[in-house]
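Chain naming follows the written order as A, B and C, and within any one chain the residues start at number 1.
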Amino acid sequence: MANGQQLKMLSVKNLHASVGDKQILKGINLEVKAGEVHAIMGPNGSGKSTLASVLAGSEKFTVTAGEVTYMGEDLLQLSIEERARKGLFLGFQYPVEIPGVTMANFMKIAVNEKRKAQGLEPLTAAEFLRMMREKSAIVELDSKLTARAVNEGFSGGEKKKNEIFQMAMLEPKLAILDETDSGLDIDALRIVATGVTRLKTPENATVVITHYQRLLDYIVPDYVHVLYKGRIIYSGDKSLALKLEKEGYDWLINDYRE
Amino acid sequence: MTIAEYIASEAIESFKGGVVDSSTDTSHPLVVLNPKSFKMELQQGIKAQLVIACTSSVTASVEVSLAEGVVLDIVELYAADSIVKVTVHQAESSALSTFSALLSSSHVSYTHALEGRGATNRFNALFVATGAEHQTIELNTRHLVPDCSSNSLIKGIAAGRATGEFRGLVYVAPDAQRTDAQQQNRNIQLDNAQIVALPQLEIYADDVRCSHGSTVGYEDAEVLYYMRQRGIDAATARRLQVEGFVQEVVMRCNMEPLCGIVREAVSDKMSQI
Amino acid sequence: MKENNQQDILDSLQSKEYEYGFTSDIESTMLPVGLSEDIVRAISARKDEPEWLTEYRLKAYRHFLTLSVPTWAHLDIPPIDFQKIIYYAEPKLKKPLGSMDEVDPELKRTFDKLGIPLEEQMALAGVAVDAVLDSVSVKTTFRETLAQKGIIFCSISEAVREHPELVRKYLGSVVSYADNFYAALNAAVFSDGSFCYIPKGVRCPMELSTYFRINARGTGQFERTLIVADEGAYVSYLEGCTAPQRDENQLHAAVVEIVVERDAEVKYSTVQNWYPGDKEGRGGVYNFVTKRGICHENARLSWTQVETGSAITWKYPSCVLAGDNAVGEFYSVAMTNNYQQADTGTKMIHLGRNTRSRIVSKGISAGQSQNAYRGLVKIAPKAENARNYSQCDSLLIGDKCGAHTFPHIDCRNRTAMLEHEATTSKISEEQLFYCNQRGISTEDAVGLIVNGYAREVLAKLPMEFAVEAQKLLAISLEGSVG
């Protein structure tokens, strides 16, 4: 998989980030190339979600050191929406409800903003509706949901499907899925994971943040990284996930205890 | 189309009030245009729809009585500066559903008295105050007997130098046990406007489920972040939130084609913000 | 109060001036009944006050004459004849009781339930304490520790004598005599109270409690408290105590003023357990209190109150958030039983930028009582990014009581975010059954549930106060169920 010819998509070097006075990321290094799937695992509170949020540009966190290059550009200089329009997608662990704003209207604006940034004409209503129909089929999302307000009254599973549906609509280059598997029953997990797999191409990359190996049965990673106390302490291939599932993290993190 | 144009185009006669019984044609909404002193009595079991529209300034009193089992939907639109007092009496098992939109410097005060067991009351209202307007909604929901329920949502926007005011009261009389009363008030304030809110509870019975909430301010940082992550800029995201805020209550109006007209009037008004 | 009536009374008093001769008779322990300029002058003279303070009292009195009794509260207040009250009396010294055996058994039972140490029980019940507790030495040690830090903690009369510049600077600066009817009355006739000054940058090493203040008892009906935390200072102040306080004075009109200078913090905790009247609603204290603090830049003021006593409570501890980044908090448990009435809450006035306030109010109504939360949250046009969160819950015990919520929100800045929520509930049959099934008596179960309900507020009290307050809630509820 990983050879020198592949496009370097994301390069994270010595990334430090904090919230308030609390340092959470303490020197992350990560390289992601087009066509790859990376899984980031680790115990609670190790900084997995923070990493995802910092890459998306959340203003809750302050980057205190390090650099991030995305598609040859300094990612940290870009606003949240610029990052999104350049193809960085974050699948939220807890998607928010937006009362009164319908899914259709929301997606139409998002898709057309991206097209505008790419110098493309906005989609016509008919083109947009066709796209909605096609993409919602990928995650078996009830088409009625697109007439409702964003995430409002959606079940936990529907919210996660809706994230993958939006990913399909926005066709990102780099998708970061933050605990997309949490709170899903086995059927919903299969649908979500199959959806992600179907969206995979040699031109895009996926970073999957997860607690459990079960998601990785469906989305097979090229690399597995273990994040602990704000650092990636170990990387391996997909067999690492199985080992972690069986043996836990203790064998790895003993050396890092404070 | 404005409400006045609609009334003209459909050649609807303004309803004069009085007793509504099985001999009254209730197959279409009864429309009251610019009332002064309006009284209406719905006899047992009647199902009806009522539209109250103020297109020119009025000072009015509206009194509506619902006999046992009456089901009444009311849509109210205040497009001209008006002072209106609305009093409703609800007998046993009657059901009232109100949707009201204030789009001008009006003061509308409601007294909804639940006087018979099992009566239900739904109330949805919106004010959009712009320029130097002062709009006030007063809602006094009176639970006078046991086993009634009420559910209210009042949303308000004040922009420019306007003042938007909500004065609410849920009153539960002694012995009005098993009352279920919920009242929610949400406001957005823009520019140099002012929002005043007094949501009140006065409760004299113990076996009740009563709550109210009132908020001012709309900018939800989480929502803003979510929208921006999907590539929508902050200004658009804020505008969407304000629109969504209004939509949430406007969607609760479901008396077609009147509600289409209401929606149009609301979005016209919103464009002044 | 009608103007001509007032004049008649003034005239009649003036004509009797020589008869009573109270201008010269400074040795007597009581002034004549009623209120007049001469009475105000006499109070001031009796306390040997400087002229500016006499003038201040007189100004307040003249303003008081222009006001009428406020009627907006959700209270049924019997008419009070302000001319039938004695406005100044030296602390009445009761004959000390010889031993604990002479203490009213009911009072003793309550003390035991509250778990108050024997020494304190004796002091509170009026047993001659010197025999068991060297209170003078305790107080002396206490004062020495404070003096080392430059902290002043004394009665307001003493402060007027010893630190006139501080009192003059701050008295009436937060609660003007023109503020309201009862504040005007208090400013005119205040008897005594506490004064506390924490110098710049000083953290008061102990909780200041009125209990330890010399002359704390017998401060009378018109108590005046002034607390000043200078820049960067910190103090936690405790008012009242959990033991039942009987008082023959029916009308109380206190004023508490707090000045929180830049970067300073004040915590003010109250447990109010005045005599609530009997089960039929006879007697009991009428408590009309004006409490307010001003917070300058980065300052924080936190009010915590547990109100279980008084027949009538009219009290709104408030915060004026004048400086940028100031924080105001109000945590309250108000319990009413039998025929008690409470109308209490807070005002949060946001003037500075980034000011924040939080209100948590827990009302508990039982018996035939009426319990109201009344609040104001005001955001001034310049208060950018102000935030308020208010949660007002009511718990009803029995179907003869009332629980009311009267919040007022006034917002004039678009960047503000305000949130108010209120709920009403009762102790469910299911909860009681569940507790009973586990062997817990109904009375204990109610105590448990009520304490759980009030926990968020009780947790804000200093530790030992919190434990006593918990027991107090349970005791105040006795006889309200089953």
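By our rule, a residue touches a chain if its C-beta (ideal position, glycine included) is under 8 Å from a C-beta of that chain, and two chains touch if they have at least 3 such contacts.
Keep in mind that what you see is a predicted model, and the values were worked out from it rather than measured.
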State which chains count as neighbours of subunit B and simultaneously of subunit C. none
Greatest Cα-centroid separation from subunit A: which chain? C
In angstrom, rounded to a whole number, how far apart do the mean CA points of subunit A and subunit B lie? 43
Where subunit A and subunit C are represented by their mean Cα positions, the distance between them in whole Å: 56
Considering the complex alone, what residue numbers of subunit B touch subunit A? 220, 222-223, 225-234, 236, 240-241, 243-248, 251
Note which residues of subunit A are touching subunit B in the complex, please. 56-59, 79-81, 83-85, 89-90, 92, 95-96, 98-102, 105-107, 109-110, 113-114, 117, 149, 166, 170
Within the complex, subunit B is touched by subunit C residues 74, 379, 381, 394, 396-426
Could you list, by residue number, the parts of subunit B that touch subunit C in their complex? 174-175, 177, 187, 189-217, 219
